[in-house]
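There's a structure below that I have some questions on.
Which chain is which? They are A, B, C and D, in the order written, and residues in each are numbered from 1.
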Amino acid sequence: MGTGTPPVILQGEPVLGLEAAAASLVAKDDVVLNLASGVYGKGFGYWAARYARRLDEIEVAFNSCIDPEAVRAHLKARPETKVVAVCHHDTPSGTLNDIDAIGAVVVEADALLIVDAVSSWGGMKTSPAACKADIYVTGPNKCLGCAPGLTLAAVSEAAWAKMEANEAAPVASMLSILDWKNAWKATEPFPFTPSVAEINGLGAALDRYLDEGPECVWARHALTAAATRDGVRAMGIDIWPERENIASPTCTAVKVPDGIAPASVIETARANYGVSFSAGRGETLGSLIRIGHMGPTAQPMFAHVAVAALGGALAAQGTTLDIGAGLAAVQLRLDAGD
Amino acid sequence: MGTGTPPVILQGEPVLGLEAAAASLVAKDDVVLNLASGVYGKGFGYWAARYARRLDEIEVAFNSCIDPEAVRAHLKARPETKVVAVCHHDTPSGTLNDIDAIGAVVVEADALLIVDAVSSWGGMKTSPAACKADIYVTGPNKCLGCAPGLTLAAVSEAAWAKMEANEAAPVASMLSILDWKNAWKATEPFPFTPSVAEINGLGAALDRYLDEGPECVWARHALTAAATRDGVRAMGIDIWPERENIASPTCTAVKVPDGIAPASVIETARANYGVSFSAGRGETLGSLIRIGHMGPTAQPMFAHVAVAALGGALAAQGTTLDIGAGLAAVQLRLDAGD
Amino acid sequence: MGTGTPPVILQGEPVLGLEAAAASLVAKDDVVLNLASGVYGKGFGYWAARYARRLDEIEVAFNSCIDPEAVRAHLKARPETKVVAVCHHDTPSGTLNDIDAIGAVVVEADALLIVDAVSSWGGMKTSPAACKADIYVTGPNKCLGCAPGLTLAAVSEAAWAKMEANEAAPVASMLSILDWKNAWKATEPFPFTPSVAEINGLGAALDRYLDEGPECVWARHALTAAATRDGVRAMGIDIWPERENIASPTCTAVKVPDGIAPASVIETARANYGVSFSAGRGETLGSLIRIGHMGPTAQPMFAHVAVAALGGALAAQGTTLDIGAGLAAVQLRLDAGD
Amino acid sequence: MGTGTPPVILQGEPVLGLEAAAASLVAKDDVVLNLASGVYGKGFGYWAARYARRLDEIEVAFNSCIDPEAVRAHLKARPETKVVAVCHHDTPSGTLNDIDAIGAVVVEADALLIVDAVSSWGGMKTSPAACKADIYVTGPNKCLGCAPGLTLAAVSEAAWAKMEANEAAPVASMLSILDWKNAWKATEPFPFTPSVAEINGLGAALDRYLDEGPECVWARHALTAAATRDGVRAMGIDIWPERENIASPTCTAVKVPDGIAPASVIETARANYGVSFSAGRGETLGSLIRIGHMGPTAQPMFAHVAVAALGGALAAQGTTLDIGAGLAAVQLRLDAGD
């Protein structure tokens, strides 16, 4: 992950890592700033609030992203803030936050940064170092294509020190990060039995990732998503993110036309074309449909499959659109190559 | 396979079954009629000629098919014919012969029929009984999606009798069908160690085939191929078979425009789109490109992938065509559903 | 598991289930009685104490077991006790507690019972119903032979009611049992992504377990352990449990002769014979060696392998013993058949 | 395999290789000397006779081995001999021939040598170069532990020349070796679809073999067999080979006491102990029982399992023997280490 030390591997899928980060890093008298531009970012606030003295929040519309300058202003006004939390790719919205810019602001303010990079890491250029994260949580079950069951967490020295100083940080617990600090050294026992099948799967997935080359993997995700967006718009449908440059390369969220129920579109796409889409979650549930491009599904040619299935299912629900134009636009972008 | 008795399972991919059928069924003083409408049908004649007194042949253009009436006329003129051989789906041409009609003619003439159904069985409605085959050779590595390594051969009582009477029929040999007649009975030993991994794979593949339902599997192949053909033609490209109704549901052969080298198109499709096409073989090598729709690749939505990759690769080689029109035609057919 | 409703499947190996049981069932003003006859039973007390008003404990020597009558007397003297916790098979000691008898006593006292049956369930006759457990924690990674990563927890109606009434019971947390109450109903979403590989593995393991027949599986474990114990004693070595009838059928703990270091014996067995033994843990670490008989390793003939490797490794460390006598005793027991 | 060029990989288990060697190398006017010290060696003669002008044979008792001096004398008396065939490890007898000494004699006589090393290669020190074989047939499904389905055949320059000159050598046939001469070059097409699953399995098995180290693999086989033989004899049972130094390291053949039916012993061993033994074949069918030590079953500790199961099953059939003494002898040999 580009850090000097190996990440901590927790034995549960990445929600464990996020809950553990909140439980371990946030001390009783901490003030936490949570940045919410989507359902997952918002959700982290509930965990942070459980452990903090006070939770502040900057929240923007869930098709938008956090402005680093707003973070700077907040931290200037509230210098007591100890921990900032941000979600890189808020999957239920298909939108990205500029975590590298946010990280630079947080460092200046001498706070610690928790980053949820669960569904971005491995699918685009991002690293703990680039965003100066203190706890950077991801997992192999998204862009590496593994079965779910593990968290990868990069932890900074400052975060280790803060967790060790935090009397309420879980130890001898599934929620503990501290328990696993030395677990991967040959001289240390495991706190409990690790998930050996998933650990082997992670090894195999990393072999593939490195064989293909991270830059190639990222480009594959980016092209798949760009072609999908072009195809969707050429059919006459809007994407959910308010601006192209905050749209995720690992998941495309599409705005559902008025009067159409996302659940019906999803059901039709599966029944008629054998293609699985996702709905939104929480606040975005009735408004959008999501097309995943992670790991093995991030094949540029699958943009045709996605656009055709989306177009066909929308048409079956009564939307008027031009599928041929959509597919032609997909092809144009595939041939442009980026 | 719809016969009363289980098929013989030979321990090599289906070319073993075809060679074994020739070696076992054709006796030294037999006259054989070989029906050649493609490279594979033609090829079987070389094996048959190795064992027969005389080989007659009806040969038609390799984008056409055998006329059952021509077979009837031949057999009337040559009543000494003992064995007739026909290839159901001549894969290097993507064309079908009407084996059920041919089989009826062969029965009338009191000859035995060898059918090569290697790449059709499991992907469309065909059975040993419907075509009255005496040896019907297929395998699990085409439309069932298994790894190659086994032949399935349905053998009629008349074929068993003829092989047993044939002094030159191989026994104690890899080419023997007779050796395996009783091998699958609990009371009989195997002639030699069977390929246990492939036998297990066959079991798993049959479970899937029966779970999905043969009619559904056939419909899935048919729709994938029909949508592909529609898309190809809507781009302005011809299919190879001279008539739509002899085009195979498990492989679509496309005529390559004049001046274009199939190998360059295939290489471009793989490099630019990650899609694998095949060339022809032998006489059809320089003339066509093949798109497989067998087993797991027979997904109707993959028609979009195939047409887009073919169109894009042809365009990159200088052909003028309308990919958008092709993809719109694919979608139309998919939505029509058959 | 013999209960009317399916068990809760938590997405972490069984220590998650044990921690979650303590966190969920034990309320702030509860008095808990923990029964400690080994390292694991003792360890559960630390979790229980984290959540309880007061922790009482009955502790016996770690080669012994809990007397149900002592539990009865304690509960009579302390009627305020709300929860009792017991470990069925304390693996680091290879000893069993009589949980069915203890459960009957706990029911009489109107308390709730937490049972750790992690390494006994599936390897011997035991069930939530027989011991009247309110939370019965086990997992597929011991006697079913799965990869670690899941907890199976049978939960009684009384336990659900108590957890729902417990304000401090985790919700929206990896430690939550409540989150998963309805997760396996078709109409309910998962709280978070389940470990699909392990869920599939569990399905396959249960198919095998039921195909072999639970009684046959239990008999296989019992005979393997009995033959191992006979062989060990016939070599002149004592088993760790103070009485034969509390020795586990899924793990045999062997007392290490004075002056011998268990770690050296374990290392020798692995180096010379390719056989893996385990040490004790905590208080039993320097005193015993453990031979596992769980799932696929519970083959009666492996008793020969275990006894030979143990005898050979002890001999290499200077112990005088009669390996031939040990192996003859193994064979005698195998031939006796139970 | 220690030759300068890669072996030919035929797409069928090693009986294919043996039949193909006879069909390809033996020309119509050749005189062949077949060396028969067991059922398999004897069996090769039937194939050789099918293609040769004349088959000579040196046959010895099936618990004995071929004397290289007898071969020398024969070849001196019959200088017209073109091909000599020998089985290295005649599995149904568990006996070895000294193929390196025999090969030296054959070279002197200017004949070509076919070696059946199917069940020895990979389990002991043997190579095409050491025995100067012209066609050396083996496979990955014995001592490498693969699923059956491939032949590995090392072919000398002289053998290629002879096959190319042999008009009757199969081409365009499953029995052809010539077809595959250049198949593994990147520039050449395959004659037909290879068994991809087995090819991948072979790659994985060779990785393991080379990681463990061939010498270690051979030593593991040798020790397992030696300990088994010691145990069998210490129980009072004879091994089948007439001398210890011709007993195979990959299969131990045991003489069945008078009045005992091997099939009953085999059935009892499976029913009572879950251990699979084999009977002899053909002439050795009623006389012996075989214990395999190939690939993953060649674990020295499994000698205990084998001896205990054999002893127990013989005792159950009425033989008087001392199992404890047998197992003590096994352990003594294991501790001696070779």
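Things to note:
FYI, a residue touches a chain if its C-beta (ideal position, glycine included) is under 8 Å from a C-beta of that chain, and two chains touch if they have at least 3 such contacts.
None of the values given here were measured: they were computed from a predicted structure.
Looking at subunit A and subunit C, no chain is in contact with each of them.
With chains reduced to the mean position of their C-alpha atoms, the one farthest from subunit A is D.
The distance from the centre of subunit A to the centre of subunit D, with each centre set as the mean of the Cα atoms, comes to 58 Å.
Put simply, the C-alpha centre of subunit C and that of subunit D have 47 angstrom between them.
Computed centre separation for the pair subunit B/subunit D is 39 angstrom, with centres defined by C-alpha atoms. Shown for subunit B are the residues that touch two or more other chains, of which there are none. Viewed as a network of touching protein chains, the structure reduces to one closed ring of chains, two contacts apiece. Pairs of chains in mutual contact: A-B, A-C, B-D, C-D.
Taken together, the subunit D residues at the contact with subunit B in this complex read 11-13, 15-16, 19-20, 46-47, 141, 147-149, 172-175, 192-198, 201.
Contact residues of subunit A toward subunit B in the complex are 272-275, 299-302, 304-305, 308-309, 311-312, 315-316, 323-325, 327-328, 330-331, 334-335.
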